[in-house]
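Going in written order, the chains are labelled A, B, C and D, and every chain counts its residues from 1.
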Amino acid sequence: MPNEREHKTDRNGRICSPDALRDLNIPWILETIQEAVQPCFGKGQQANYIPALAEVDPRQFGMAVTTIDGAEYAVGAADTPFSIQSISKVFTLILALNLEGEQLWSRIGREPSGNPFNSLVQLEYEKGIPRNPFINAGAIVTVDRVYSHVQNFKALFLDFMRFLADSDRIDYDQEVMRSEQATGHINYALAHFLKAHGTIETAVEELLPAYFYQCSVSMTCSELARAFVCLANQGLSPVVQESIVTERRAKRINSLMLTCGMYDAVGNFAYRVGLPSKSGVGGGIAAIVPGVMAITVWSPELDLSGNSVAGVRALELFTDMTGLSVF
Amino acid sequence: MPNEREHKTDRNGRICSPDALRDLNIPWILETIQEAVQPCFGKGQQANYIPALAEVDPRQFGMAVTTIDGAEYAVGAADTPFSIQSISKVFTLILALNLEGEQLWSRIGREPSGNPFNSLVQLEYEKGIPRNPFINAGAIVTVDRVYSHVQNFKALFLDFMRFLADSDRIDYDQEVMRSEQATGHINYALAHFLKAHGTIETAVEELLPAYFYQCSVSMTCSELARAFVCLANQGLSPVVQESIVTERRAKRINSLMLTCGMYDAVGNFAYRVGLPSKSGVGGGIAAIVPGVMAITVWSPELDLSGNSVAGVRALELFTDMTGLSVF
Amino acid sequence: MPNEREHKTDRNGRICSPDALRDLNIPWILETIQEAVQPCFGKGQQANYIPALAEVDPRQFGMAVTTIDGAEYAVGAADTPFSIQSISKVFTLILALNLEGEQLWSRIGREPSGNPFNSLVQLEYEKGIPRNPFINAGAIVTVDRVYSHVQNFKALFLDFMRFLADSDRIDYDQEVMRSEQATGHINYALAHFLKAHGTIETAVEELLPAYFYQCSVSMTCSELARAFVCLANQGLSPVVQESIVTERRAKRINSLMLTCGMYDAVGNFAYRVGLPSKSGVGGGIAAIVPGVMAITVWSPELDLSGNSVAGVRALELFTDMTGLSVF
Amino acid sequence: MPNEREHKTDRNGRICSPDALRDLNIPWILETIQEAVQPCFGKGQQANYIPALAEVDPRQFGMAVTTIDGAEYAVGAADTPFSIQSISKVFTLILALNLEGEQLWSRIGREPSGNPFNSLVQLEYEKGIPRNPFINAGAIVTVDRVYSHVQNFKALFLDFMRFLADSDRIDYDQEVMRSEQATGHINYALAHFLKAHGTIETAVEELLPAYFYQCSVSMTCSELARAFVCLANQGLSPVVQESIVTERRAKRINSLMLTCGMYDAVGNFAYRVGLPSKSGVGGGIAAIVPGVMAITVWSPELDLSGNSVAGVRALELFTDMTGLSVF
């Protein structure tokens, strides 16, 4: 049972100093948060454009932490798999940067978009160069980059996730993928537009199934936290004891998550939470405390920007309680 | 004379560990940077829409640091006054938040704009609510908020800057202000548009001179570093030994600087530098290392986004050499 | 009393042949229309952005015809003065073309805008060149062109209208002009934007009163029909027996009215009515039957596009009954 | 040999009166125009986005007239087949209106777009409702409407063209269709976007081949003039002696051609020519003189708006010489 007295807190209820970090009672913090987010249930709507997502029980909440020392903590439904959706874009970006290096940026920008994640408008004004790798158009380009280097994108992506999370259980969800394929007309529109501008090389009919595949991968909060912790640890994974990405790239991916990772609510999220994060319409959010830990949270109900209501609140509580924000 | 041997550096030439921070040889770092940015001269163009700015000698460079302990360091033209321009928007935001609190956000958003700083387009789509307080439209709204609370905005703003920087020398530049007034048609267009939507209360003819006034204030790198260091120190100024803004607001202003402070290059700057920063077309940039220091830099030649070429390079070198980025 | 039997009509109730035109019983047609539009009352809203316009009794209807022979017909409130508003733009265009010739088109386009009449968006994308002379930005440019050629724009414009309509009664409405001036922030925004791009020469503070002045001129349906008939008669006014504009320009102004004269409903209006027309938010519409007559109609209630509900219906009935459309 | 003396002309060189129309020496007019447009060669560029179109000999010119009495006139390459491209959209619109009536307009607007013919931007702002049936998105919707009513769209469309033009020679061009299919990514993007919004019912993979098919039909100027003359004659074809469309619809289609038929140059074309017209990137233009004749012209070199340079000039000369414009 967590013990509140273990912490010295200031009058805002916050743990006092960075030095106190090593004594952080993470289990108690996670349990406190789990309790505090209960009133969020019913305040959002789960994604309904994909039938397979609409059928998930909405009132679930899970949260997990993996520290750079490899310690793991979890609360609630942290071992329930959910559709990672756009969170997958971070890993394709890692793969694309490792394969192409900085020349990737000749095909994608690094600026926040100021538009919905699936907007065609900015893509038209900027002549087929997506603003960043986390809007759909940009993610389609990163998939194209990886796709053009490897034999079997799907197998590669799945193996990468299993390796990072140290879990062979991970798989994609056939039903979700079928739904995405059947309803993904906007993504087809984006991909054809990119093809018209020469930004992608792969044929649209080949590429989009690969994109839908990565979005339909199912993972748990605990697995995602293990997969993300390398970005908190200068690119080195304490889980698999390997360098996943260079230190410089890890920092840069964090910066992209902070400026572009939360759909059209990046500014608001940075203001309230202040951690590099990436969310998905499956209700998951992964956040990085550089030099400290990866935090993942999942709850299916989304706000109008497409971010998990309870997830955003949980991360806000976490930074309020611990003072751990990059600012 | 700085001594290179004082630092243990890794093979990337970077100071090795965070612990080394307390031994950071800042004078040597600043001198090294000053030398390294010399090739930037001639690679940009100084602002030419205002005659008074176009006449400044372009090949100047100054840089200053104020740490949270109040220690000050400077190099080059760090004591030459320059027009702070958009950097002033941070201070009006502090004043507006202190006067209005979070209700300020009913009139301005907190999201990156994805458009040029003076665009009317997004303002029209979003029905007169500017995306953030650092694009011109948003800054005009923050001036309106302060203006509607005080007797004499100009005196208040100037006193605030003199107090923060502990320097009575600070003043506005009449010539710059006259130029802005004469050529500021886009700002007049923005202000009338905001007035049409009821976002501002003050008459446009009264408000814009106040806005142009704050932009035309002249300060040195050293003065700006002293004024900004409160944002690195939880809102408390070590210079004047007073709390300027609450800790939470200091963090939030830092987050706004990181997501919206560098015109349409925030993503790229976060990627390369990774510090909350605000730039101005006078060639100045102020950056915050949370918990550590404020860094200011000035060099008049601008890149296509309106940011100082040598200034951006200097801050990139600084984070490369010290490892001090928020990511 | 008009006599229905005077006309041979086909099974659609339409007068049979163009030859029958000379026998057209216009008084009977006008009276029939007046009766038929009564159900339109209550289906729109009069302009409310200007207090002086909002106070007009909405349930009024007037209609007038002046043929190229100079014959005049009228029904209902055809002698009640109303604010001509945007209808004035046609006359400023005549003046500007007579003063500048085709070089006028270096500052304004001739294409439909596909956007609301007061939008800033297209103006920004097209770098300060308004799409056509009938959106507000374009009209402000035509006023600027005339203004820069003459001593006293206001006197000139008023004299021109009095001359064309052969009526010294015509004047501007002080109250309307004051309202426009006080609430015209969007027009100020447009004008400052045009000034920023160098599209206009006159100072905004001088120019907009001139623009508001012409919009606030009050005329009756009968007066407007007399003023417009020159455009139906190859530029020659049968009323004052003078050439007002060359034949080619008369045709071209008609073409601009057809493609750009009815705000964002030009296509729909051309589809339903098929006559070059210009409407104003005062509830007036002036239409041209080339080679035959000018028709004016007035009724204050507007549809969502800003066109008079009863006015559009009246003109549709007119072309349905007479077969007189340009198509 | 045409004889100039047959005509009384005014000092502008124009045939004097409408009464002279019945004596119009059309062969002489066409020959005069053919000579006059020779300097246009080399002033444009033929369409190059489709290889099959880029290979056509650019310096060709043909022109044909069919009057409402069924008389036919032709000059130059009037019997050389060319790709009708967007001109086909008029005939699909006729078919769609005959099948669906006015309810067609619940899926397409009737307003000029103010944007390029293949823009996705306006489609996004207007939530998947194309502005008019002549931009690509709108034409794809009209094809969808017809497609959903008939067994074999391609056969129906080809039969319709053969019937209207009274020519069994007409066929589609396999090579052009293959090119369109291979390079039509923007059209695929548009169609998927329409599908995402529910504006079209047919699967994109089925629908676009039908759309490309109609665009790839090859016809001669003479054939097109015969096919179009029904729109000049209240919907009745003097060629096949049948009513093709109601009189009201014929007029309305003419109005749509005038306000939306010439890509983003409708205003300019109405200003210079003043006839309802539809152009295609194959270099063809079909124009209607209501109550008088259909005129077709073909020359492959296009201006920046996508309209035939010599074709626009030829029609301008025609209206200048004959005074036949709707204004």
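The rule is short, and it goes like this: a contact is a pair of C-beta atoms (placed from the backbone, for glycine too) under 8 Å apart; a residue touches a chain by one contact, two chains touch by 3 or more.
Because the structure is predicted, anything quoted here is derived from the model rather than measured.
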Winner on C-beta contact pairs when C-D is weighed against B-C: C-D
Maximum centroid distance from chain A, chain identifier (CA atoms): C
Geometric centre distance via CA averages, chain C-chain A, whole Å: 57
Separation of chain B from chain C, taking each centre as the mean of its C-alpha atoms, in whole Å: 51
Centre-of-Cα separation between chain D and chain C, whole angstrom: 31
Touching pairs among all chains present in the structure: A-B, A-D, B-C, C-D
Residues of chain B that touch chain A when the two form their complex: 109-115, 122, 131-132, 250-252, 254-256, 258-260, 264-268, 270-272, 274, 276, 290, 325-327
Chain D - residues contacting chain A, complex: 119-121, 123-125, 185-186, 188-193, 195-196, 204
